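Read through the structures below before going on.
Presented sequentially are two complexes of chain A, the first with chain B as partner and the second with chain C.
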Partner chain A sequence: MTLKPSPSNSCRYGGCTLTGALSVTTHVRDAVTVVHGSKGCTHHNFSLLHATSLDNDVPVIPNLVSTGLSETDIIFGGEQALDRTLDSVLRDDPGVVFVLSTCVVDIIGDDVRMVCGKERGVPVIPVPTAGFLGGTFQDGVNKALIALAGMAEGSTANKARTVDNKERASVNIIGEKNLEFEINENYAEVTRLLSSIGIPVNIRFVHDLSSAQIPSLGAARVNILRDPALVPVGEYLKKRFKTPYISSFPLGLSGTPAFIKTVADVCGVDCRDAVAEEQVLQAETLAAFADLEGATVSFENALVDPSAVPAAKKLARALDLHIKKNGRPVPVPTTPPIGVAGTRRMLHRWRRAIHA
Partner chain B sequence: MVMKQIALYGKGGIGKSTTSANLSAALSLQGLDILQIGCDPKRDSTRMLMHGSFIPTVMDLVRERGDAAISLPEIVYSGFNGVRCVEAGGPEPGVGCAGRGIIATFQLLEKFGALTGDVIVYDVLGDVVCGGFAMPMREGYAQEIYLVTSGELMSLYAANNICKAINRLSSRVKSKCRLAGVICNAKNQPREEELVAEFARRVNSSLVQFIPRDRVVQVAELNRQTVIEFDPGSAQAEHYRVLARRVMENTRFTIPTPLEIDDLEALAVEFM
Partner chain C sequence: MPECTNPLWSCAMTGAASCLAGFRGLSVVIHGSSGCYYYPATLLHAPLHGTFIMENDVIFGSEERLNEVIHSLSGNGTRIAVITTCVPSILGEDIRSMLAAHDVILVDSPGFSGDVEAGYHIALSTLAPSVDPDSTGVNIEGASLFDPFARGNVQECSRLLDIAGVPKGTIFSQDALRNVWQAAPYTIGTNEDFPSGVGTYLGGTLGLSETQTTFEHIAEVYDGADIEPVCREIAEEEERVIYACDKYLRRYDPPTVAIFAGASYAQFAAEVLNRYLDAGILFVGTRNEPSPVSRYPTARIAGLSEARACIEQHTPDLVIGSSFERSVCNGRAFVGITPPLRSRVRLVHQPLAGIGGTLHFTEEVLNACMDRKPATH
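On to the complex of A and B.
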């Protein structure tokens, strides 16, 4: 969940709108992302995306091209430089091109939408991402997702497929955090819960996606948002495709039965067995960490999303831990743990800290 | 003598270019080496000094070839009585960043060592709309700013706004930029000279020269000349020569005290 930037922690929670949008567009496999601005914006983001993916053990070479604006382009306007770059990018036959703007081109007022509107035979999708207008990293993510969703609109083939597929209930996963270390574990936890009620995933919007999959965006029975910061995207999709949304992945242990019930209700399937099994699993999980009972802990949470703390406290109480200022510091993950699997990983870390 | 650098600012259409060109012409007739730099994408500041021709602008050349391939003689043109003329130029209306164009022009002129002579006259576009157009006031370029205004409220309003910019810039430690005076380019309103003189006093400056409205200005322009060249015996030419003398003798350089809009309006009402 993204917070309003505040003076004390704006470097942590504000972020660059462009980077947010890039964390989405670079996960469309056959896409090229053109960053319209001076070349440093591209270089810096390339490094960040590449280094983060290496750190997460899923190396991605982000497919970025800069329009490389010089002082002369700034004085006379950068539209021609964008036009030239688009022509050269299209020679490599991408499935789709995204054009992300930077601060400087919005300061001088380049008409990016107009340049992107020129017919080129391949979709060229502008995403306005000038950060000085007050947007955060999350705004960049949301804008990119909404721009991509625009590709799914209006095609008749898509409408037919939408009707077909809605017969068979499936879900979309919306706005996974492509830069987070546990992205695939979190996805696996959600699919575990979904498969317990026999519901498949339609598409991961957007994680390792092909542009050809985007038109099926409207085919899911429900959209599952990664976290509530994506509500504007959920609302947009609801308006466009009449698809309802669930505003977050299940948080902590208590989130999973509720999650199963909500999805099952929307999809019209029976979930009684699945919920009962899930409750057994929860009891087993707590039992597996019974050795922690009675320990005195404190939370290390300097950079943590505040919503992660109540989840951690709830879990500590369930395990009969005492929370005291001078207790043994245990780590709280930056974002709340997702489901049973996320909770388990956190508890393993607590155990290490308590027994250290 | 120490090189003098002056800049003329004022509302669009108030007569900055006409005043600058005639001032440069008059100064050159005192035997001084003058460089006039037009800092407006409209590029018409030096046209009368160049007998009606639009000289290639610095930004035109940068656009065509990039700044590496440009040489000094391609951007400095000799006009009336040897006045050297430069036009900054800029982007087409409605695109890009003209302010950055001014900054780039100054950097290029600096690189060429072009900013020489006895007097440099900077003729700057309408209003100080952004940091780029304040460039002539910054970095120790123009140290003496003249406001060109008539007695019309909107023109005084623009002049007052420019006082704000000068005030802000002159408070910087190393800034040498000061308000040198107000030039009244009259619209022939009643009590106009008194009004502009009082305005000048209130902003902590003084009226340097009152230039009445005279048809000879238009006639000279139609003949593609400054008044100084077209009709040196006219009263109007004498006004410009007096202005030139006063500019050279001027020693009163102040930090302006801009007026609140209500006070400015009240002032205009007083002289209605």
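On to the complex of A and C.
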């Protein structure tokens, strides 16, 4: 792969905006997502999303419809194809339709917003995702989340629920990485920490939910973002619903007590017992890997999140490992491990690598 | 109806990459966005390069970026092939002129130009393979990185040629690049959906009888070929297949089957099931153009909703297809022969072609049918 990690080039490898947005919209289970472009783009993404759902043991098939643009549409414009596809899709009475554009559509200049603006009796929401022209994968995620948040705005039911529910402390989980292999394990770790201070999850925005759940988006006391790349979404929700946000899931061992304290502070609950219990659990976890002490390691994986390596180094120091360039390569996950459970899984992989 | 729900088949760009990336000594560059790059890169499990073009490259032209990538690959001892994707094709840049200073093979196969087979064909045609009259042996064609059985097919056909004392010619497309232009005069196939058009075609190897016929053709044209050991193995192994299927039929009714695959593999599956298990072939849904001479009810199936509708309509006992069909087969017995085959650990290079291919397929079918859960109708 031609990877040139210079600052001027790094954004080239940020993935496809369309894929990012689809990772969000396909988790609204009563929705249909129309991909306006050639069939190939839809197949690539369908195949990827399907593989991910199989990996996560979720027997749900993403509902994607391609407008199937041909060479003729590309020459004469694809708006008619989109209009026709929307008519066809609406016959199955979906809860909502998302329309995502591809690179090709932006280049030929189709007015997607105009076609989506026609009254059709069902919300038809355009998400501007013109492939690489729209930005990166993460931009696609953020654009889709903001577009979906628009479904919660202005709803009377939402306002009533917001006032009522904000009285009862709960959190929203914002922007989980739906293509992540460990998504459910990471969510389980976060809910374990939340339940230790008695805080429930309001909604997972957006993971496996229905369009009817979206209006309750404003009802949580705090939004917990999956990672800091979602700060624009956090800011948007803060402005719209006056909901503060925590910018990341708890990273590694050290991030966990701090996470509990922050959530407890916002929700006004006592967390002293929970933090103490967590510190005991952390000590037990480190003790379970004490046999690794003194091993010389190096970190492998060129494509990790920059915040993953410091977290790994901190952990290595806690276990008295020596970090050297020629040390035994141990894997660092692409994104930092979440909480104690994520750290424990990573340490098992380290032990395997050290003993290999 | 041009719109399509959950399209089942890859685009021409992926097909071109699946052909070119199979040749050692060729660096393959996907000229397009990162989205176009990542899909074939993850599907084909082969080293691919990308230009990862962005908005500025579209507005101001992609020549600089393309040259940057070509320069970075130059001097590594390989030739370079550039595959164009939808966007550069629509922009209408004269990529051939841009690359005039480089010894680069340009393959114009944007996604909208067709499906995976079309891209494979365009790519192989662009390489312009040729027969070297001094080459000996028999070429093997039909191998595509897109096909999870390709490597197993090549290993199996190589084994059979070896048993028959026939040297292996060029393998399309899983060989050193230089061998593309040193092909042998004769060719056998492993998957007719990916033909090479090189040399005299002696026949395919999907199914025992077809394998036997093809090796008889080899014996006719290749001096010194001793196909007797191959024919003996076919006879012996066919006995084992018959015994296993007969044993199954002593306890169970033959399965009724819906098959979803490329036309060539679909035909193979239908023939094996019909011949050895007396199976009822209810429906054959092909990803590409179906064979005009198929004796089974056949139609082209483009999207998953169509495949699901077929399964619900015909209510087969057994579904043959990809992991897409597996998701909608509602607990029926399932055997995967069509890409993608996800969520299964596959380490051994299993074939569908040759003797081993029929053994593997029959084994999978019998085990799936014996393990099947009751279908929910």
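Criterion: the second predicted complex is superposed on the first by the 336 of 356 C-alpha atoms of A that agree within 3 Å, B and C clash if a C-alpha of one lies under 4 Å from a C-alpha of the other, contacts with A are read in each partner's own complex, and residues count from 1 in each chain.
Just so it is clear, contacts are C-beta pairs under 8 Å (C-beta built on N, C-alpha and C of every residue); 3 or more make two chains touch, one makes a residue touch a chain.
It should be emphasised that the depicted structure is a prediction, and the values quoted were computed from it without experimental measurement.
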{"item": "When chain B and chain C are modelled together on chain A, clash or fit", "value": "fit"}
{"item": "Vertex chain A; arms to chain B and chain C (CA centroids, nearest 10 degrees)", "value": "60"}
{"item": "Comparison of chain B and chain C by chain A residues contacted", "value": "C"}
{"item": "Partner chain in contact with A:D55 - chain B first, chain C second, else both or neither", "value": "second"}
{"item": "Partner chain in contact with A:C267 - chain B first, chain C second, else both or neither", "value": "neither"}
{"item": "First (chain B), second (chain C), both or neither touched by A:A220", "value": "neither"}
{"item": "Chain B versus chain C as contact partner of A:I107, first or second or both or neither", "value": "both"}
{"item": "Touching partner for A:G77 - first (chain B), second (chain C), both, neither", "value": "first"}
{"item": "CA minimum distance (chain B, chain C), superposed complexes, angstrom", "value": "5"}
{"item": "Overlap of the chain B and chain C footprints on chain A, listed as residue numbers", "value": "71, 73-74, 107-108"}
{"item": "Residue ranges of chain A in contact with chain B within the complex", "value": "71-79, 107-110"}
{"item": "Residues of chain C defined as touching chain A within the complex", "value": "1-14, 29, 33-36, 38-39, 41-43, 47-55, 58, 69, 72-73, 86-87, 90-91, 111-113, 302, 304, 323-324, 327-328, 340, 342-343"}
{"item": "List of chain B residues in touch with chain A within their complex", "value": "59, 62-63, 66-67, 90-92, 95-98, 100-101, 104"}
{"item": "Touching residues (chain side chain A, partner chain C) in the complex", "value": "1-2, 4, 9, 11-19, 37-44, 46-48, 50-51, 54-55, 59, 61-71, 73-74, 81, 84-85, 88, 103-104, 107-108, 131-133"}
